[in-house]
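Alright, structures below, take your time with them.
Presented sequentially are two complexes of subunit A, the first with subunit B as partner and the second with subunit C.
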Partner chain A sequence: MLHIVGKVETFRELVDVVLTVVEEVKLVFNPEGIRIRTVDPAHIAMVDLTLGKEAFEKYEADEMEVGLSMNKFSKVLSLAEAGTEITLKIANETNEVVITFGNLERKMILIDTANLTEPKMPDLKLPATITVQAHEVRQAIKISMDITDYISISVDENRFILENSGDTGSAKLELLKEKLEELECESPITSMFALDYFSKMIKSIKKSELVRMHLGNAYPIKVEFTIAGQNGMVTYLLAPRIES
Partner chain B sequence: MARKKGLDLIGSGDCLHPGVLREISKLPISDGLFEYNGISIVLQCEVEDINRAHHIILFPLISEVEGFREAVRNNTNDMEYEGRPTINLFGSELAELVHRYHGIIGPAHIFTPHTGTLPLYGSLENCYGDQLNRIGFVELGLSADTALANPMSQLAGLNFLSNSDAHSPSPRRMGREFNIIQLDKLSFESLRRSLERNAGDDPNATNRIIANYGLPPEKGRYHLTGCSSCHVKFTWDDARKQRMRCPCGGRIKRGIRDICGQHRDLENGELPERPLYHYIIPLVDIIGDVYEISPDSSKASDIFDEILVLCGNELSLFVTKEKRELIRERFPSVSLALDNLDSGKFETIPGGGGEYGKIKLLSDQDRALLCGNVNSGRLEPTGEQKSLFEF
Partner chain C sequence: MTKTNLTEKYRPHTFGDIVGNTKIKAELKAWAQTWKRIAPAWKGFNSLDKNNELIRGERGFRPAMVMEGPPGVGKTTCAHALAADMGWDVIELNASDARNRTRIREVVTRGALNQVLSFDDDGSFKSYQDGTMTLIILDEADNLYDRSGDDGDDKTEDFSDRGGKDEIIKAIQLTRHPILLIVNNWYKLMGPRGGALHQCTRTVRFREPTKEMIKKVLGRILTGEDVNATPVVIDIIAARAKGDVRGAINDLESLMIGRSEITSENVTTFDRHRDKKKKIFDVLKIILLEMDMGRAIKSLWEADVDMGMVQEWIAENIPRIYTNRDELARGMDMISKADVFEGRIRRRQYYRYRRYVGQLITGGVCVAKKHRHGWSKMQFPEHIKNMSRSKRKRRVQRTLARKISQNIHVSLGYAITVFVPFWRIMAKSDNRLVFNTIYEMGLDMNESAELMDRDNVKWIWKQYLEYQKKRISDSIGASSKKISAAAFDDRKPISGHKSIEETAQVEVLSRIPGTDGTSKPIVPKTDAVEPLIPKIDDYPEPESSDEGKTRKKEKKDNQISLDSFF
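Now for the complex of A and B:
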């Protein structure tokens, strides 16, 4: 049995985070909240999300796994105005979720979870950590989008740099230690990432949020931030591109 | 745009139009050529005759243009508002009047179906009659080159012009074809001498065309015989069997390759010496092909401008190979595309029936060498994408 009531914004945050990586996902419900962990088909990006029951107006859930199309759910949510309360119900022994708000009701058939595997989180040793306002990173991405399809991230003990360059020009964001909320780095590191993946990840973070990044040299990046008024936690992993 | 392209001398276009004539008359003139921002301009227009054939006309003076306008006033209905007016005279009558007003005339895009002199008149003699010996040049048009036009005895002694036929200043139109002309002086009279019949026969002559630069003819939109509606291509025999009607219902337009084939009467050993014809493609089109973007996009325009900062002007990339080295490091993909164009290492899908042909300047192998990813339109060395489970 599942019966959740929450603001549309909370559900949209969840959906936006997941759609960055996959379109169909397995949600694991328990009495304390929701957990999602999934990886994209190319194994380039992974998301791990936990959302506590405090994020919702009402939360009653048994231990259960639910397969859901985030695309379809997103379309339903797009019809709701800001502040609308959304209700999700799954009755025992049924294979559909009933979504209601206002006078609308949408029944959605659940996806078989047998094919929606939960990957193991790689055990990464990432020596550098920085924390920065999300809007700074978003701006750096926006200015880079029409230059190349990758972005390079560098950290040393004094600064954090996002940059890319191509035939049409170059773009760079350089933030000194004083401008960062946190910087831990013993030796300089640089990694390069696919810009389309990275930009989708950063776009799913609210501008006002802080984003924490863990990096290594030519190694995956771990991006952490909170959602739903700090009642939820998201971790993205993104594999690097490595010069041959 | 002419300066960006690197052109020294351009035709004014539309000089019979009263508005255009008024604007040109404000410019300083010297030796029969006007000057604007360092570019020389010759009074020039294209007209359509009574048989719908198009002709290029050059004049030395505004007063001569005005005299010609008066002389043809009763033979045209649209000269006051059309850039390329229709003058209801035969080619020979038109040529006689142009010569009376000290102008130069020759066929525009001579092979083009429905508007070219050869398809419409059958021969230059039929078109220009007793004025033929005063005709000194033919414009090849975008779908033909020297190799296609040279094996015709009726064109012997005539200078081949590879002109843009640009009716707008777009970087895709202006300078898409051009000529290198050696002149003892930048003047109308020297230009006239370089375009006189047999001017190119003497390699020691002072005023002569020394090179043509133009599109590969396959890129032209009338190169092959094809349907003007659905653009399916036909052999000439098949088109005739179909009675020039495509199964889709559209009309089949005869391609310039087949038109040239019909008029060919010289064998390889009999071909006149001609200036070299070099293949070029407008730089923005090359940028569009290389980066797989629209040549009309702002991104293509940005790259175009950045390249010009390095090399000065577009034509220098085609004419002076040293200039190409200046862009090789920053724009390796564009540089390689230019090399492939020179060496003929490119794939073509010929145009026809009014549809421009397509040219692929970089092979998949070139793209792989440049970026390590055959399917990527981007050419930067973006490295190899790793999987999360490799760590």
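Now for the complex of A and C:
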């Protein structure tokens, strides 16, 4: 049994995060909240999302796994005005979720979860950690578009640099230690990532949020941030690009 | 997979467990090992000269491998086993996934350029430089539903694989990971624009396992499932499969349901043969090389392509096999006789003649020779290649012919065979005719370029658009009525009828170079511009008909889109 009532914004945040990686996903419900862990079809990006029951107006759920098309769900959500309360219901022994808001109702057949695998989250040890305002990184990505399709991130004891340089020009964001909320770095590191993935990921973060990034040398990046007013936590992993 | 069936349960997971195809296994293994060796320094196939040192001694190394073979011989199994043996991760795109350009870019191209999230048990990342690679598998790659890819303004979210092939080629050229394409039909994969794909791939062909091999596999399953079966049963199933291992296992599974022992009585309900299509090459072999007329005729019904296609293949390949002049003549004669019947079918819509076509192209061609022939290379029909190459051009010609046919009230076929060629000759040096045709029939740039060479047409179009602009600025109203009617009137000199009122106009027109027939053909480049347009404007106004009005309306619709040409 599942019965959740929450603001449309909460659901949108969840959907936006998941849609950066996959279109169909398995949601794991338990009495305390929702967990999603998935990897994209090219096995480059992984997302791990937990959303506590406090994020919702009403939350009642048994332990259950639900397969849902985020694309379709997102289309339904786009019809709701800001602040609308959305109700999600799955009755026992049924194979569909009922989404209601205002005078509308949408029933969606659930997806078989057997094909939606859940990856293992590795316990990565990464030497560098920085925390920064999401909008700073957003700006850096916007200015980097149309140069190359990858972005390089470097961190040393004093600064954090996001850089994209190619034949047609280059763009750079440099933040000194004082401008950052947090900077820990044992030795200088550099890693390169696919820009389209990285930008999608950053765009799913609210501008006002703080982002914490863990990095290593030519190693995957781990990005952590909160959603739904501190009630949810998201961890991204993104594999580095092959150096050329 | 919803439930584990026997095929899944007994699918071999390593190369060692796979029956047969030893040579192919060795080749795949060698390819994988080369990949592993060169990967850290590999810069992509399109920067091959930089990589020259790398693949020295690896003759014919290509970043992607095509696995070709009939269904059920173990291509996919082999691909997965290879990945397992090499310790590689697998990214897979099946026929059940939408495989349009975007999707392939998202999964294949992206996967080809990035490292994968792959971790040791202690949580440390396994990097590409340490040899962690991904095997990218594109299953049923020949079934990409690939429409020409260049008319890409269809906004509907579709399941077609438009542009998929181009994206695959791109991915292969850039890839840093090994790519495997699995196909049933190599020709279908290569098809149009296959050259680039051919260049960056290498092909291995899976042969069908023998009956004995299949029997071995079936025996293993029977032991594993603890079911008894008489040797006759196994023999029948294996023979019936004709090389399709998966088919054989599925047959066995259906017999095993609810039984612990299978006897020959259970098998009697089976057809002796699984329906299996013969490849075109086998069909050609029977018809062109062998002497058995009966078999040749029958082979047509087993072919995996339709009759028209078989005919094309035979016509293309007769000269390659029938080297004797008389044989060749007789063979081609049979094809032409078949063609006569084709024509009769089309004209009378009497499809019973198809049997003659079928028998002439198979049996007829077969007995045209005096003795058996040896194998020689067969080729894809040139005619079809040409047709697909000229598709765009033919489409333009057709729309041109349609406009002509509508305007001068003849059938489309008549317009194509009679009017278009003559129109072309007339238009060769007659700018005015082309101008009027464009105006009258609402031709577009491409269609008018069919009438005369492109430089001239461009010049005419410039005039035409200027004229149209002028017409708008002159404020439409009465004057436009005059123009459209006048332009309509223009046609008369073209079709040769001159009325008394018109003689004056013709005189005016004859001052324009190239229009009177006496002066030399002009190549207008510079200032011959002036007279052409205003003169049309100056024509006297004949009585305006309703037809003229509707025409004007059509013109206006056309005119808006025309501006976008410049």
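FYI, the second predicted complex is superposed on the first by the 243 of 244 C-alpha atoms of A that agree within 3 Å, B and C clash if a C-alpha of one lies under 4 Å from a C-alpha of the other, contacts with A are read in each partner's own complex, and residues count from 1 in each chain.
In the analysis below, a residue touches a chain if its C-beta (ideal position, glycine included) is under 8 Å from a C-beta of that chain, and two chains touch if they have at least 3 such contacts.
As the structure is a prediction and not an experimental result, all values here were calculated from the model.
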Subunit B and subunit C placed together on subunit A: clash or fit? clash
Q.
Just to be sure I read the superposition right, which of the two partners does A:P240 touch: subunit B = first, subunit C = second, or both, or neither?
A. both
Identify the partner contact of A:E63: answer first if only subunit B is touched, second if only subunit C is, both if each is, neither if none is.
neither
When the two structures are overlaid on chain A, which partner does A:Y219 contact: first (subunit B), second (subunit C), both, or neither?
both
Is A:L124 touching the first partner subunit B, the second partner subunit C, both, or neither of them?
both
Is A:E81 contacted by the first partner subunit B, the second partner subunit C, both or neither?
neither
* Once the shared chain is lined up, is A:G166 touching subunit B (first), subunit C (second), both, or neither of them? -> first
**Prompt:** Does subunit B (first) or subunit C (second) touch A:D146, or do both, or does neither?
**Reply:** first
- Task: Answer with first, second, both or neither: which of subunit B and subunit C does A:A114 touch in the superposed model?
- Result: second
Inset, instruction - Would you check which partner chain A:P41 touches, where first means subunit B only, second means subunit C only, and both and neither mean what they say? - result: second
Stretch of subunit B hitting subunit C after superposition, from 27-35, 243-251 or 279-287, is 243-251
Both subunit B and subunit C touch subunit A at residues 39, 42-46, 122, 124, 194, 219-220, 237-242, 244
Residue set of subunit B touching subunit A in the complex reads 291, 299, 302-303, 306, 330-331, 333-334, 372, 376, 378-391
The residues of subunit A that touch subunit B in their complex are 39, 42-46, 122, 124, 146, 148-150, 166-169, 192, 194, 219-220, 237-244
Note: in the complex, subunit A contacts subunit C through residues 39, 41-46, 112, 114, 119-120, 122-125, 194, 196-197, 216, 218-220, 237-242, 244
Within the complex, subunit A is touched by subunit C residues 2, 43-44, 89, 91, 93, 106-108, 110-111, 113-119, 122-125, 127-129, 134, 176
